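This report concerns only the one structure given below.
Labels run A, B, C and D following the written order; every chain starts at residue 1.
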Amino acid sequence: MKVEKIKQNAFVKKVGFNRIVLIFVLLLMYLAFGALTGGSFFGFSRIMNTLNYVYFLGFLSLGVTFVIATGGIDFSIGPVMFCCSLVSGYCLTTYGVPMAPSLIMSILIGVLFGVFNGYLVAYWKVPPFIVSMASMNIAKGIAAVFTKTQSVSWPQSTTDDGWYRNFINMNGIPVGLFIFLGISVICAIVLNKTKWGRYILCLGSNEEAVRLSGVNVKKWKMLAYIICGTLVGVASIFFVAAYTTVQPGYGDQYNNEAIAGCVMGGTSMAGGLASISGTVIGVFIISLLQQGILALGFTKEYQYIITGLIVIAAVYSDVSARRRKN
Amino acid sequence: MANKKALGKLKGREAMVLAIIVAMIVLFSILSPTFRTYPTLVSVLDNSYYITLMALGVTFPLITGGVDLSIGTGLVSYALIGGFLIFQKGMPVGVAIAVCIGFGILIGIFNGVLVAIMDLPPFLATLCTCMITRGLGPALCGGFGVSWPSSISADGGFRKIFKFVTAEGTVIPIGIVFMIILVAIMSFVLDHTRVGRYTIAIGSNKEATRLAGVNIKFYHVLAYVISGLFAGMAGVAYAATYATIYPGAGAGFELDAIGGAIVGGVSASGGVGTILGSFLGVIVICLMKVGLPFIGLQANWQQIFTGIVLIAAVLVDVLKKKKD
Amino acid sequence: MKKKVLAILLSAAMVVSMAACGGGGNDGGDTGNADSGTATEDTADAGDADDAGSSEGGNKGYSFQMIVKSFQSTYWQAAIKGVEQAKAELGVEVEANGPANESDIADQVQMLDSAIQKKPDGIALAACDTKSVVDSLAKALEAGIPVVCFDTGVDEAPEGSVYATVATDNAAAGAVAAENIFPVIEEKIKAATVDAKVRIGEVNQDATALNIQQRGQGFIDKMIELCNGADKKVAVVGNEFYVNGTEGAVDEKEAEVIIEVGVPAQTTVDLASTEAQKIMSKDDTIAIFGSNQTTAEGVITANQTLNKLSTDPEKGIIGAGFDAGTPQKEAILNDQLIGSVTQSPLMMGYEAVITLAKICDGEEVSDIPMDGYWYSKDNMEDDNIAPNLYD
Amino acid sequence: MGEVILTMKGIDKSFPGVHALDHVDLEVRKGEVLALMGENGAGKSTLMKVLTGIYKKDSGTITYEGKEVEFKNTREAQDAGIVIVHQELNMLGHLTVAQNLFIGREFKKGIRIDDKKMNEEAKKLFDRLNVHIDPTETMSNLTVGKQQMCEIAKAVSFDAKVIIFDEPSAALTESEIEEMFKIIRDLKKKDIAMVYISHRMDEIKVITDRVTVMRDGTYVGTLITEKCTKEDIINMMVGRVIYEDPKTESAVPKDAPVVLKVEHLNAGRMVQDVSFELRKGEILGFSGLMGAGRTETARALFGADPKESGDIYINGQKVTINNPQDAVNCGIGYLSEDRKRYGIVVQKTIAENTTMASMKDFMNGIFINKKKEVEVADQYVEALATKTPGVDELVVNLSGGNQQKVVIAKWLTRNSDILIFDEPTRGIDVGAKNEIYKLMNKLVAEGKSIIMISSEMTEILRMSDRIVVMCEGKKTGELDISEAKQETIMNLATREIE
């Protein structure tokens, strides 16, 4: 038994340690960028910019965390997010649907995609990877067909309908941050303290065993995708709140960044092991990176490359850590 | 002879896909008179070359139970770098092509190392490479779009590899001939050589293959190298077909190829699949790409249909499994 | 465990080092462009021999930020070239940057904000999307940083934030294309009847910024006007956005002339060419217009298989493009396209910087409208055209 | 007795935190079968893996045919003539038998693989061992037993001088074991040395010449098989006698109520018209050969696999069971033979696994009552004497026996009255086995009822009150323990085969 005791401590440490290192990295990066951009990086409005990116990316990451916890994957989130705000935005601008319903609609569309993905994965056993591919195409297609391939601009803050933009920034107060952290906490509770999270994590680790314990795994698996869909819907609101305009046919790059943030946070692609706090930190790292790269006058390309490399590093450390444990 | 039976099953799948292709062609021809013309056929092929090449390559990682998402953004950045060399550095086209393919192989090796040696989940590893390649091309050649020499220009000869224009201006899509040859070669490689045999073996039971004394690391890496190699060739095909290569494009190309392979009966869980299947699958995807606009549907419908077809293709397998 | 820490530190280190070289590059003068993709090297190669000589010219020592839509299309290389010239003449710093892709709206907004925080003497902006930059412009106003819009105007910009706009009148530019195509196909249009319709195609990139929309619409409206002039009724079919957006069009049945608008699902040449193909492979098509570089190249690509384009309406389809780039220029020289409309990216870039400098000198500035020039085989060499025909 | 072909001296091997092998010695002679015995984790497999180059030894020497050797990988060992038949089957399901046999050493014509020749060679090989397998059959279509045969055939096909069998019989039916023994004897004649790792005493007695025993990574001693008794061996393995005699008569009163009644259960080829009753407080043994359809019956009954027809009555009430949920709600619990896949969630803690089946009793509001969870888990760790530092231990870190206990705890927490034990002691070492047996007896004493599926005759005879025998998916007999003899069961189990 002594042996196992040691292993277990190592494991506990791993989980805790992980976060510490991440936060350390985060600060390190912040300082590095700050230094390199001659202080201008520490400005308040710079922080607000970074947050703008954090919000929608954060919700995407939170969502996909649940899916990855089940051992699945969803990389339709980016296009689906755009689909949400395009379709509802088009209704808003063209069919004169009032703001509030449009926002709700955004979320509902997200939920619908969640149901679609979840149903196919859980009940029809279609590999998640393929479902993602499919619903990615479908989301892009629907959005484009619906908007007649025109981009949609949500109202400016100055207009009467502009109030929705207060979600992220009400005269200087980063409301969005509070909402985001609030929802993160809820997610953390759901994942760690409730039956939902327990089953989602367990079936991510060994689905058959959970099924034979008399648990309706299909239901819980589907739930994970629905949660993801919902959060994607929320993300779409925060995206338009930050950038007003969305256009059909895009959004892929956000999949990668969202998944990256989540994996960096120590959520294991193998499933069964997920951490909301990690995801949140991961998202901050990604956003800071994006912000910093731009601030340094690099183009997006460099961000792609660096993000790619970082995620590889993160995953490799996760893999090798697990290999050590077994 | 169960082996025959197994073969038979796949043949069945290919036959099915072939039937779908015929059905689509008939349908489109009925609905759109302009579709049933020689040029359209040619254009379907034109659109298919680079996707086909990707699909032929990516079939190998898929059969090992992995996947390669980096091919789409990859091929664009290879083509970009090639074009950059021709125009900014005034290098001959031949060199550009070589570089294009060379880069493909390099990235292939990189993927291989990540997946086979560092043991990362293929999906995630290649997703990262996808990001990296997406940045690589533009980063290396300044984020500008470049165009390879056009068919009329002196050294535009390489475009004739895929499409030969006779004096009277009739177009002969000789590209398809090469595709068929490649399909033949790769089928042979997959079915009758160690490379193919071990690729399947790895997809079937990696540990067992290792214990059988096979150098799985090598063959596993090789699968990704093949995929990279073909991505490089796809880069050339793309440059040969389209006037200008724009950076940032290419995201999503891989899905057409992988989708095609899946439609063609390659199992997402590895161990099963044929080259011919992948090839036919790609044709289905390309028919939709080109065909749907002809029957008066806006281009965007194509994406929706691609999605649906993909799901359908997999559901067929799922249901078949349910049966036996 | 160690491995994990190591790996993460490693990646951190990587970030820092990446950043470091960026920073290194940054303090150097015009390497701003270098960051934004070695633009300077390119343009340096691409000519501007006098650049070196005249760089000692006037020295105002202003530093400007320039945000372009992207460096994707060679169009922007020309713009940068113009900027280089202005820099050389005025001896000002210009740091240019732009998203990887004309549709990375979010990125551009971020870049604009970054630019503002760098507190430059002025910002030149070519907005990918005219709506989403509005807030940032307001920030610029607060920070008291003058903004000059080039290539694309921002209508809803907060009062006083944008000092001047250096942009092509896209509607007019689109019309130019129509005006030049019409005479060639006039006979055919005259000959057209309700039963024997003729078809004019237009391939339009999915319009994010207004300018391409306006361009497309400008072409359609002008064409309708001209056709009505030849008392033929016109119907617009294809992409609903334009079908609904057009006045003076009639129903497809009673029209003699049909304008078909194709919009590719995404801004990629392959999809553009598919759209072009769809239109060109119809027997009654007599002309086709690609309303920007990508779509024009789409038309050319489509022709590689169809081989239908010709400068003679009797022999085939009349093709016209927009902007420049090697493929188009070759196509024109080889009688595939009868011509194309170019804006003056070089001048725009140039003017934008000049205007900023003026603002800093406290001079009055006003909008500078740029024309779209029609160019064809005959006038490609002219002095007012040639410099704008970038590769 | 032939001369020594292989000696391992002072082999030492440590893994992070574990001293797996502590100066172990081993000596194998030509033409003998050497049994290598020891509880799970005694280091048998590790030792063999060191020998065949899967692991690298820390110290010690391996002398093979007079020369000191060290193999870097299985391939080298194979080439030298030392081949291992692995415990877990190493099949490539998508390839054919022949392709499997020659994987890694295909015959080639130029760059082309010569499948035709491979099939012929495979055929020859099977004829030599007189087993009947079609070389062109796809591997995944074969029965476990047949696959095991292929493994052995493969081993033989590297004209090996030393063959190591790592629990080869674990997955074999009695008849297949017989077949295998034939092959082994045959190989002995060919002067081939064999190391035979197994838990099954009776086999050891039958087939081996000498027995080397290991305990906790150390060498204990070697015995001549004829000259020793099971007890001797077991004593060396565990240091205490635990062997018990078969039950003689049922402990269940004749009038005990029927808690479970299954009528005409049908589920595919493996379950045809199976009917039986289970009484309160009874252990109903399910005997039969591997692939007789016992597990399938259990799974169909439990709703894990779809069933075509059949009625199930719980305490006289007819119930419908379409999925595990229904079954669990009817108070049935299923302990699978393959714990790691079907029993436990290895990456989770003991507590989490314990409450898996009965979450709803551990909720207050929408939150999980972790405190209660831990309490209950603790109770069962007490009650079942699970060896663990605490209930927050990850199950992956427990030994097989203790994992089994966690699964049992799971069902007790759900207080299921009917427990299906499928091969409850597979892969569990002798000591822990005994504890599980005690536990089962305790459970029935408390009024639970148990269906026990087991391939080990001794286990069946020792535990069951009644025995149902199955063969080829049909129920071929039902015996009271008092009338059950090994022979009677055997020929019920094999009736239809002959």
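By definition in this document, contacts are C-beta pairs under 8 Å (C-beta built on N, C-alpha and C of every residue); 3 or more make two chains touch, one makes a residue touch a chain.
Keep in mind it's a predicted model, so treat the numbers as computed, not measured.
Under the touch definition stated at the top, chain C and chain D share these contacting partners: A, B.
Farthest chain from chain B (centres taken as the mean of C-alpha atoms): D. Mean C-alpha positions place chain A and chain B at a centre distance of 30 Å.
For the pair chain A and chain D, the distance between C-alpha centroids works out to 44 Å.
Centre-to-centre separation of chain B and chain C, using mean CA positions: 32 Å.
Looking at chain A, one finds that residues 140-141, 144, 148-149, 248-249, 253, 299-302, 304, 309, 316, 324 touch two or more other chains. For chain C, the set of residues touching two or more other chains reads 36-37, 71, 98, 100-101, 104, 239, 263-265, 267.
Pairs of chains meeting the touch criterion are A-B, A-C, A-D, B-C, B-D. Note for the complex: chain B touches chain D at residues 1-6, 188, 192-194, 197, 200-201, 203-205, 207-209, 211-214, 271-272.
Taken in their complex, chain D has these residues touching chain B: 54, 73-75, 78, 86, 90-96, 99, 103-106, 108, 111-113, 115, 134, 136-138, 141. Taken together, the chain A residues at the contact with chain B in this complex read 73, 75, 120, 124-127, 129-131, 133-138, 140-145, 148-149, 248-249, 252-253, 256, 259-260, 263, 269-270, 299-305, 307-309, 311-312, 315-316, 319, 323. Against chain A, in their complex, chain D makes its touches with residues 16-18, 302, 304, 323-325, 327-329, 334, 336, 341-348, 352, 356-357, 359-360, 363, 366-368, 387-389, 392-394, 396-398, 410, 414.
By the touch criterion stated above, chain A contacts chain D in their complex at residues 1, 3-8, 11, 189, 193-195, 198-199, 201-202, 205-206, 208-216, 272-273, 324-326.
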